[in-house]
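Letters are used for the chains, namely A, B, C and D, taken in the order the chains are written, and counting of residues starts over at 1 for each.
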Amino acid sequence: MKTRILYGVIIGLFAVLQGCSSSAKNEASTAAAPAGGAPTDEIEKYRAMIADGNPADLYEAAGEDIWKKPMGPKNVSLQKCDLGMGPGVVKGAYTQLPKYFKDTNQVQDLESRLVTCMTKLQGYDANEIIKAGFSKGKRKDLEAVVAYVVAESKGMPINVVAKHPKEKQAYQMGKESFFYQGGPMDFSCASCHASNGKRIRLQDLPNLTEQKGAALGWGYWPAYRVSSGTFWTMQRRLNDCYRQQRFPEPIYISEDTIAVSMYMAVNAKGGTMNAPGLKR
Amino acid sequence: MKNKLSILAFTLLAVAGTVSAATPFEKMMSSSFQAKGQAGLDRLDQDAAQKFCSNPVNLDGGGDPKTREKIQKENMATIKQPSDGKYLGDWKSGEKIAQSGRGATWSDKAGSVNGGGCYNCHQINIKEVSYGNIGPSLWNYGKLRGYSKEVVEYTWNRINNSKAYNVCSNMPRFGHFKLLNEKQMQDVMALLLDPESPVNK
Amino acid sequence: MNQQRRSLMKYSAVFGLMASAGLISTAQAQEWNKAAFEGKGIDDVFKILGADSPDKSSAVTLNAPDIAENGAVVPVGITSTLKAEQMAILVEKNPSSLAAQFFIPAGTDSFVTTRIKMGQTSNVYGLVKADGKWLMTVKEVKVTLGGCGG
Amino acid sequence: MADPMRVRAAENGGTVDVKILMKHDMESGQRKDASGKTIPAWFISTINVKANGKDVFNGQFGPAVSKDPFLNFKYKGAKGDKIVVTWNDSKGDKRTDEATAS
């Protein structure tokens, strides 16, 4: 206790000296933000302020390590995983997902494709990943890999097309699901995401039925979600949309979630992949 | 008799036929969801209004006007007027209900008190800057429309079952689906229609 | 003569202190300031920091949004035209007012940015200690309710 | 063991701009778990940054610093400076990562 007080006195003296001897330097100071703008403009400023230093970076780094590390019952890495552009090709792969895969005879989004790779290459049990819950068990690893893979497409144009008959069917059924109303609040995705200029509270609602809006939605997810302090994959984004829609829970990587993703991604074609984003 | 039996058999076959001929979409929906908490799979079953409004051409006033009329009438018939005859409760409590968007999700406890989530879509008291715009502004609601019996009853009905007026209204049917109880709806009414409510200042 | 001797003595005494102070300031910077972080209310923390009632100064700038979309992440930056020795961020209505304290050695700019949590709309204080004196600036940051769950 | 940080350091005109992201829950001590029990506070309490062995920044956090903390500061330095960042948390966990100013 005594020493603490002594420290205080000495430090105080030091501080005075230090202040005298060092020349005051003119560091560029940022002007105080002008008050009184429209709330939505102020929210824009807020978003700009946090844009640099997206904690999704931390997940990307972890995901890259997981991608490269031999793991699972077969003790192999994911480096031979084919995300649609050939085994091991990560750069740009996310711009083309979801897409039809011949080996599984299914349209797959990034997450269902990673489950395939973790199952076939590494020997994990798909069911375990599907039932794990978000941020839990092997799913947590998968989510980090998503951050890594998505970041490898950052800045590139979204290029998802419905060419294969199964892709066309997924798009159509995704659209039908997008407009499907149900539950005690009569909501569908379209209740909030089918017209322009709408918002809930102060959150803008992109019109996902049009290219511009779809690019704003699809192009900024997955994202680090500020309110939960967690990286959210697209599957998790959709899961929470359905929760807010008061629907029952969509099963992880179920046909519906992939179809709705297909609908959004095809609509977003030509937009820029800006994910991993940073969201409220 | 024989005839009747064959008709019955035919009906049974037809029913069986429709069941096995589930469309790929129906199959997708039934295989993609699981019950969680209070959100059971029955929430995917649609009533007439939900079915009608799942077709994009029927949104924004499109689609067959007769079907539209019919469903609206059916919804109008479900509305109950307040049991104690009072339309206006406490606006202060109404403001709290309007602020809260909680309730009815799989993560909400069954039986817990729901919010109205009104600010999600409406401007109400202009002091709250965080409001949505899916619905119209309700600022000065009573002051602008007056406090007549017609206005009061219309507002009550609209909160209870918005689809009585517009089948594809985006507003939840708060009374119809018991999202809010009678007292809560009276309180929200007061927020909009009590001359003492800050909304009408 | 007397005068000279005295100033010389003062000089050497201070010199000695300075040398040890260099080390001690590092120790202070690296030992978590429990009392300050557990201080309740702005005035309490001011006192513990030795700031009493710091003067408002245009030499201190607080870079924070008018409205935060989410109270879990509120970006806050402090800059100063003076050479800061220490900086601190305080939030009036948080359970503990002091959010962060920084020690800025010579050669490091009077500039820091971090992100803090705010439970509700509140005044946020940016404090700078320069020339041994605490100065401050204050700004209200509104924390809005957002999203469907409000 | 704690997860690695992301440390970026870029030199421009004699000033090195250091940006650090730390992976930490920064549990506030205010939150409750599903059963209503308060989750105890757990947060990074001190952070030290050295460039070529010399202190360039010391920070202290309380539980009110956001989850996955971000820190940005600038010091007079040069390309190639070896930057070492160390944090300690309130449970005695610590983590050190390095970066080179570019």
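We take it that contacts are C-beta pairs under 8 Å (C-beta built on N, C-alpha and C of every residue); 3 or more make two chains touch, one makes a residue touch a chain.
Nothing here was measured: the structure is a model prediction, and the numbers come from that model.
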Steps needed, at minimum, to get from subunit C to subunit D via touching chains? 1
Pair joined by the larger number of C-beta contacts - A-D, B-C: A-D
Please work out the Cα centroid separation of subunit A and subunit D, and write it as a whole number of Å. 24
If you average the CA atoms of subunit B and of subunit C, how far apart do the two points sit, in angstrom? 52
I'd like the Å distance between the centres of subunit B and subunit D, where a centre is the mean of that chain's Cα atoms. 49
In angstrom, rounded to a whole number, how far apart do the mean CA points of subunit A and subunit B lie? 32
Scan subunit B for residues touching two or more other chains and write them down. 119-120, 129-130
Note: subunit A residues in touch with at least two other chains are 39, 200-202, 229, 244
Do you know which subunit C residues sit against two or more other chains? 67, 72-73, 77, 109, 111, 115, 144-150
Looking at the whole structure, which two-chain pairs count as touching? A-B, A-C, A-D, B-C, C-D
Using the touch definition from the top, list the residues of subunit C that touch subunit B in their complex. 67, 142, 144-150
Which residues of subunit C touch subunit D in their complex? 26, 29-33, 37, 72-74, 77, 91, 94-96, 98-105, 107-109, 111-119
Sites on subunit A touched by subunit C in the complex: 7-8, 10-20, 22-33, 35, 37, 39, 42-43, 45-47, 49-50, 200-203, 226-227, 229, 244, 280
Going by the contact rule set out above, which residues of subunit C touch subunit A in the complex? 14, 17-18, 20-22, 24-25, 27-28, 50, 61-70, 72-73, 75, 77, 79-83, 85, 106, 109-111, 115, 129-132, 139, 144-150
Under the definition above, what is the set of subunit D residues touching subunit A in their complex? 3-6, 19, 21, 23, 25, 66-68, 70, 72
